[in-house]
Amino acid sequence: MNPIFQGVLTIVIGVGGCIAYFYLSNFILDRFIFPAKGKDPGKNINRANQVRPWLFMFPAVFALGLYLAYPVVGSFWRSLYNRSGDEFIGFGNYANLFASDEFQTAFFNNILWILFVPAASTFLGLLAAQLTDKLRWGNIAKSLIFMPMAISFVGASLIWKFVYAVDEDIGLINAVRDSFGMEPLDVLQIPFWNNFFLMVILIWIQTGFAMVILSAALRGIPEETIEAAIIDGANPFQLFFKIMVPQIMGTIVVVWTTITVLVLKVFDIVYTMTGGNFGTDILPSYMMSFMFRDDGRATAVAFVIMIVVLPVMIWNIRQARKELR
Amino acid sequence: QNLEFEPGSGEFNWDSFDQFAGQYDLSGQSIEITGPWTGLDSDLFTSVTAYFEEATGATVNYSGSDSFEQDIVISTEADSAPNIAVFPQPGLASDLASRGELTPLGEETADWIRENYAAGDSWVDLATFAGPDGEEQLYVFPYKIDVKSIVWYVPEAFEEMGYEIPETMEELKDLTQQIVDDGGTPWCIGLGSGAATGWPATDWVEDMMLRTQPPEVYDQWVTNEIPFDDPAVVNAIEEYGWFSRNDDFVSGGAEAVASTDFRDAPSGLFQFPPECYMHKQATFIPTFFPEGTEVGLDVDFFYFPAYEEQDLGRPVLGAGTMFAITNDSEAAQAFVEFLKTPIAHEIWMAQSGFLTPYADANPAVFPSDVQRNLNQILTEATTFRFDASDLMPGEIGAGAFWTGMVDYQTGAGAEDVTGQIQDRWEQIQ
Amino acid sequence: MAELTLTDVKKAYGNVTVLSDINLHIDKGELVVFVGPSGCGKSTLLRMIAGLEKISGGELKIDGVVVNNMPPAQRGIAMVFQSYALYPHMTVRDNMAFALKIAKKSKEEIDAAIANAARILQLEPYLDRLPKALSGGQRQRVAIGRSIVRDPKVYLFDEPLSNLDAALRVATRIEIAQLKEAMPESTMIYVTHDQVEAMTLASRIVVLAGGGISQVGTPLELYEKPQNEFVAQFIGSPAMNLLPGEIVETGERTVVKLKGGGTAVSHYPSQQSDMGAKVNVGVRPEDLIETPGPEYLYRNTVDITEALGEVTILYFHQEGDSGHQVIAKLPGIHKELRGRDVMLNADPSKVHVFLDGKSLLYR
Amino acid sequence: MAELTLTDVKKAYGNVTVLSDINLHIDKGELVVFVGPSGCGKSTLLRMIAGLEKISGGELKIDGVVVNNMPPAQRGIAMVFQSYALYPHMTVRDNMAFALKIAKKSKEEIDAAIANAARILQLEPYLDRLPKALSGGQRQRVAIGRSIVRDPKVYLFDEPLSNLDAALRVATRIEIAQLKEAMPESTMIYVTHDQVEAMTLASRIVVLAGGGISQVGTPLELYEKPQNEFVAQFIGSPAMNLLPGEIVETGERTVVKLKGGGTAVSHYPSQQSDMGAKVNVGVRPEDLIETPGPEYLYRNTVDITEALGEVTILYFHQEGDSGHQVIAKLPGIHKELRGRDVMLNADPSKVHVFLDGKSLLYR
Amino acid sequence: MDNIAGKKSGLTWAVNISVIVMVLLWLIPTVGLLVSSFRDRDQISASGWWQAPFSVELTYATRASDPVVTDEGAYIIEGNIFATDEVAASFAAGESTISAFGDTGRNPAEFPAGGQADLGDGEILTVQPNGDYRYVLPEEPRRPPRIYFEAETPPEFTLDNYRTVLTADNMDRAFINTMTVTIPATIIPILIAAFAAYALAWMDFPGRGLLIAAVVGLLVVPLQLALVPLLKLHQAIGIGQSFLGIWLAHTGFGLPLAVYLLRNYMVGLPRDIIESAKVDGATDFQLFVRIVLPLSFPALAAFAIFQFLWTWNDLLVAKVFLPSADEAKVMTVKIADDLLGSRGGDWGILATAAFVSIAVPLVVFFAMQKYLVRGLLAGSVK
């Protein structure tokens, strides 16, 4: 079969099946199970309406349960077993992890990432949003800053090799150093700071994301409050930090959270740039070194990751509940 | 299918081909093969399978992946394993064998290897693992060997400076010093390889082990009978360090070694003036030489020599790929049989980058002396040992050992590094 | 506490001229109201005075100083916005304190100013609340409070009451009037399109229309002596009826023979030369009174009546599409008039005559 | 074309009872207006009738059928929302056609219905525009058109005009009145808090307050004979003045000696037993007239005057904090009254007397 | 805001300049990649990409491969350097000038061009700037002798990398596979999430609050955690490694964010419109399809962009849930495992591959950018 045809067919089947489910399930509910007929159609309609939310929710609940909730529980269980999964060892895997230097490095680095990347991305995104909003060519600037979002993490790592490479004919940094007559330097080997050079890559990617959302939020600020502040004599900095930023605090927090969550999932950058060497390992990439080898430990690392995000998660749930009330 | 060499032509062992063709008719059947070969290697391999297809009428679908190790684990877990998997490391194959994912190849194949491969017993040992029931059986078929104890150099650069090919390790060390004295840089070393960064250093250390310790110690090291932090290992690492941790000896300085990509490292040989004069790397490396570089003319190699004073003969470190049946079928069995024919080796030999311990394969088909010489290093070896890191458990050989070497390269002490690796090893036992 | 002078002020957005030839002098202590149809440029003019819009041409002086290029904060103005524009993340107190903090006033000064403003506006109980916990009226009071604490030379209000509901609007309007009274020195400019607000608050009203000033005057001047048809119809609700006719008698008083057959007598003087001129006679609905005849100004069948209790509004049948509907507003309740033929007349002192759209009074 | 009966209807959100004991019968062809202070439950009641809120207790019948549990679509109602609630992604035509398409009407039927509605509402030129390309008034007409095409039993309007500006509001109000006239059979329920709308449109007004119905009656009944102080003050603007006093004469007419010193004579009858009772006397501002004395109902110093041209509003000085401010509305212009001591009286037929908040008329 | 009187133009300048600096910082790495994708491997390691548009002095080695002529006991080789085998390809693009030459790799630019060099042992080499050389040797050379030279190299760009990447075996197939994965993996979760979001936003049922909280909680589940158990699950129910499996996987992983964003958006739709449609007789299904869905378009588009970018660039999920056979590889896998494996050192190919794989997402992004901003505005600012 022609691959294009096959591709189109699979697409049609996949999407079509999904549409068919919703259409048919509703159709059957309204037409056969609780038809709006008979002597009290209102009652039937009401009954149908009690079932309907679950029809609507079912695929999502099912997929979420199966693809996220079940693995979380299953993995936790798995993390209590040994390497080959045949012996229950309680928190042995966790104990081993915390005893290991590499894990501690990864854990510490991960905390650095969590603190630094969301903060920097959000801040730069905010700055970019505010500055570009005022410019005539702001939209072009925005598009360019957003562009890294479209690049895969692996592609991004590659791009940054052209900046970090030691060879002064490839790496931009060393080319600049070279032109000042300085020795080439491998920035990825500078202890501690190399973490930041890796973080820069993720920040580079995520700033666009933060910018787009925050710029939308900034535009949502009532113009009048800004004008009022101008009349009150606020200078541009006071205007920005005392009037605009507080008003979009909610959005800033959402952006911050989203990026934090992302930081905990991204392993590609470290994996491809340094392979976790030179003291740059982080938990997700550390976990990769156990994947498919020692599932007990791999899942234990995953759980540590989850626990690191737990505050963010609880905070988010609280937020959602508050909003509901 | 177009065959690379017309049957009947050249010095190939066409009889074996005809005979094989006579035995099998598998028309309509097909086999899936996955392996680590991509790009050029993958083309070469398919040029071999073409003969299998021609002989049996079966179809062979090969797909290669750079992350073959992960893929094969996933696909065996998913029960969608190919018929045959080509393992670059015995370690992983042994894992899968113990989980019952591999089909044993039988005693008769083991005998065949013992008889027909040079140093046959060591090959059979290498290919024999414990099955799911704990019983030791032959599970993989070694095919296509790489020799690692090789140093690449540019003959013209040597000529200009009047350097001689060193015959012993002592001479090599002298030459290294000599080059520095002449104002040059002797070595290009690069450990970078993405997530696998560090592995080239493990080859150095293994070669040094073979040159400082008897092969038995090497074997004990591989199985952790002597601890990883044994003075013998520490010594071997420090031998490597003699070369790599001296800023004058390595291009870019010791620090650059850790981050230079192993694929970029040899390019220093070809600069003017040369950024370095020697590069130790396995037989596959010419793929990464600049376009148009002709091996034998523009670049050549010599055996990474042994210490004269140690009297350990000519040890050779190597690696190789192992064929295993991951999803049994008639055609898969036939394919293993096909690998026993000389023609299956000769086709690849006649092109490039293929070495084999199979005595019946005719060395005359090698396209160049270079290849023949290489194969000779293999066949003249007094000791042949398989890459230790490939034999160690994955966490060590493809994990802790790699990162340990990076740590060592960037300044950590050999004792510390080996101590940590040993700790790790103990944890997984 | 300041006087304002606008000389030939102009505003254009690109090629579109929104306002031009604005000449206006506002004295210290005045409360001037800008009214006009939507989009006529009221807000724009106010914002130019505030400095929130650049002035495209002409000159704006505050207390004799040209301020065209002075940033808003330096002009000594305070502005109250339609949407209140409170800082949502600050308490009432902080909202009011913001400008003072920016100006680096001392803590005592700030506290004193806030206490004073809060007392005047009865905001004491709310000082520590966030704006969202306040009702609309309270928010507007905070917005005003924010202006007061700064003790500005000029207060600017842009439709400050239009987001409030009817009852609150009346109450707050009276509060503003009292506030003005309490600060007789302060100059205020107030934009609205609510007539009642304009009429009750203004010391002078500026009617803007068609990119310029249509008339400036006290509320009653505008009501009693509109300069042109636009002002005549714009001030007063329902709008003044305009009836076309022809002058048949000139002199001290003018008599106009109307198209509908009636005769209007106006106290507007006219000249000999006006004889026979086509004019529009303007009579406010509330000035029409029922008359038994035979003399009448307007006569027609009542189409709809709306009884509001206090007054009854009569909508007359419209002949064809020509002209506006004629409306009369009679005091008391008149249910019975619907569908009847009614004759109406008006006191000559309340009959306006417009020639070419301009009042005969002003030529 | 339907009648509605509400029996003991009740609405509670959790523990909070918003409405209770609502008993109301609406006849075919009536236009009933719900008024009441903000938050009194007008919208809630309307939405219960529409089926958008569950009815917590009691019974709602449309045309004799209990519809408590019937979903909105089946009740044969149409609703016009304050925010118009047009479907922004559909053209005017599609907006109007939506309900009909859902009901699987034929193409011809749909076209005919739309053509008819568009003609009535003069929407023909806009049929293919999207709502965002329409002005507020046009949008509201579309919303009404959307109701009309469905030919519902009951029309429900929830403050349909409150998003329009003053002039448009008047115009659209008149359009709705004409529409009602054109469809005398249709039953309409209309929620507003604009008095003028209520007074002019309603055949009956329902005043809601404190979770129940305060009074039901025609507009003039409410204006002339309010059942209680609440209705008295709620209907009419500015609100009726309430002056405390003591009954000194009973019988056909009642005489009350007021606290402020005046004497109020009312045509309200009273009983012997009422003698000496503490009552509130209600007089609408517009019913107060200046009197030279010596008989007067109210006497005080004028604090503020607001000249609206047509009338002048007098605000009297307030003694202490007790009681509301007293307001009078005199026809014409009276600039000179400010600060003067004025005596006012009122026609006995316009003087209301409330005992314990209830009108003496209704007991 | 531009209209404020008395605004200092210095500030505007500062803003403009800082944005330019920022954009440059953001752009430079990508530009480097783009430029490198048009250069071949040797060029990349010879000079920085920032030098690519300029001529650079580079050192070359070649062999005097022209025929040897004997003349009075001397062996003479004559010809033009630029035409010799080894470097002919490098100078195919145009003329160049030689500035210096030499005969040893250690000192490749020993002699200025145009002069004659006495190399000792009777060897004489003359090289003209235009490339003409004359090599005089006392003995017959065993192989063509080496000549090293330094020449001005004109900028050179090549489409070879693109040709290599785009015509790589099965690349077309990989592209189609990527589409096959991406499109349903974008649309299905949106559909499912939209229905769920609608239910969570506008339908009243017990447990709604709990479900919303659960969705938010699941936002942070690390993806890696789920891979192994799910693969086993797919295995158990017979899906195995297949497109169906990867759609389901992407759907599951993308859902929390989708439900979260869409619900936030839908909650913000005017209640009146929803109720109006109910009064008009629409069922929930009709209401959803005809009113809510069209009105939520900005949010749908915003999420679609995210999901698209995510699935398009995904490597991990594709590797786990798709068979490793060649005909099922998606582009990322193809590039990472196939192209890069054999050409890991080839920066040019790497750069090109990266560029090829971002081209489509970029087009999608620029096409939908408008909706992205609008959708996010409504979705997150609440």
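Read from first to last, the chains carry the letters A, B, C, D and E; within each, the first residue is number 1.
By our rule, a contact is a pair of C-beta atoms (placed from the backbone, for glycine too) under 8 Å apart; a residue touches a chain by one contact, two chains touch by 3 or more.
Everything quoted here is computed from the prediction, not taken from an experiment.
Student: Touching both subunit B and subunit C: give me those chains, sorted by label.
Tutor: A, E
Student: My parser should flag the chain pair with the most contacts; which pair should that be?
Tutor: So the pair of chains linked by the most contacts is A-E.
Student: Which chain is in the middle, if each chain's centre is the mean of its C-alpha atoms?
Tutor: A
Student: For subunit D, which other chain has the most distant CA centre?
Tutor: Here the answer is chain B, farthest from subunit D.
Student: Taking each chain's centre as its mean C-alpha position, how far apart are subunit D and subunit E in Å?
Tutor: 67
Student: Starting from the mean Cα coordinates of subunit A and subunit E, work out the distance between those two points in Å.
Tutor: It comes to 20 Å between the two C-alpha centres.
Student: Using the average of all C-alpha atoms in each chain as its centre, how far is it in Å between subunit C and subunit D?
Tutor: Roughly 27 Å, centre to centre.
Student: Report the inter-centroid distance (CA atoms only) between subunit B and subunit E in whole Å.
Tutor: Each chain's C-alpha centroid was found; their separation is 32 Å.
Student: Going through subunit D residue by residue, note those that touch at least 2 other chains and give them in order.
Tutor: Answer for subunit D, listing residues that touch two or more other chains: 71, 74.
Student: Hey, what residues on subunit E touch two or more of the other chains?
Tutor: Expected reply: 4, 45, 228, 327, 336.
Student: Which subunit A residues sit where two or more other chains touch them?
Tutor: 49, 167, 230, 288, 291-292
Student: What chain-chain pairs meet the touch criterion?
Tutor: A-B, A-C, A-D, A-E, B-E, C-D, C-E, D-E
Student: Write out the stretch or stretches of subunit B touching subunit A in their complex.
Tutor: 70, 73-74, 193-198, 252, 255-256, 258-260, 264, 394-395, 399, 402-403, 406-407, 410, 420, 424, 427-428
Student: Under the touch definition given earlier, write down the residues of subunit D that touch subunit C in their complex.
Tutor: Touching subunit C from subunit D are residues 38, 165-166, 170, 174, 177-178, 193-196, 199-200, 219-220, 223-224, 235-238, 284, 286, 304, 306-310, 313, 315, 331, 333, 335.
Student: Which part of subunit C faces subunit A closely enough to touch in the complex?
Tutor: Subunit C reaches subunit A through residues 50-52, 71-74, 77-79, 81-90, 98-99, 102-103, 146, 150.
Student: How about subunit C: which of its residues touch subunit E in the complex?
Tutor: Result: residues 51-55, 67-72, 74 of subunit C touch subunit E.
Student: Give the list of subunit A residues in touch with subunit E in this complex.
Tutor: Listed in rising order, the residues of subunit A that touch subunit E are 3-4, 6-7, 10-11, 14-15, 18-19, 22-23, 26, 30, 49-50, 52-54, 56-57, 59-61, 63-64, 66-72, 74-75, 78, 124, 127-128, 131-132, 134-135, 138, 141, 143-155, 158-163, 167-170, 172, 175, 204, 207-208, 212-213, 215-217, 219-220, 223, 226, 230, 236, 248, 250-251, 254-255, 261, 264-265, 267-268, 284, 287-288, 291-292, 295, 298-299, 302-303, 305-306, 309, 312-313, 316-317, 319-321, 323-324.
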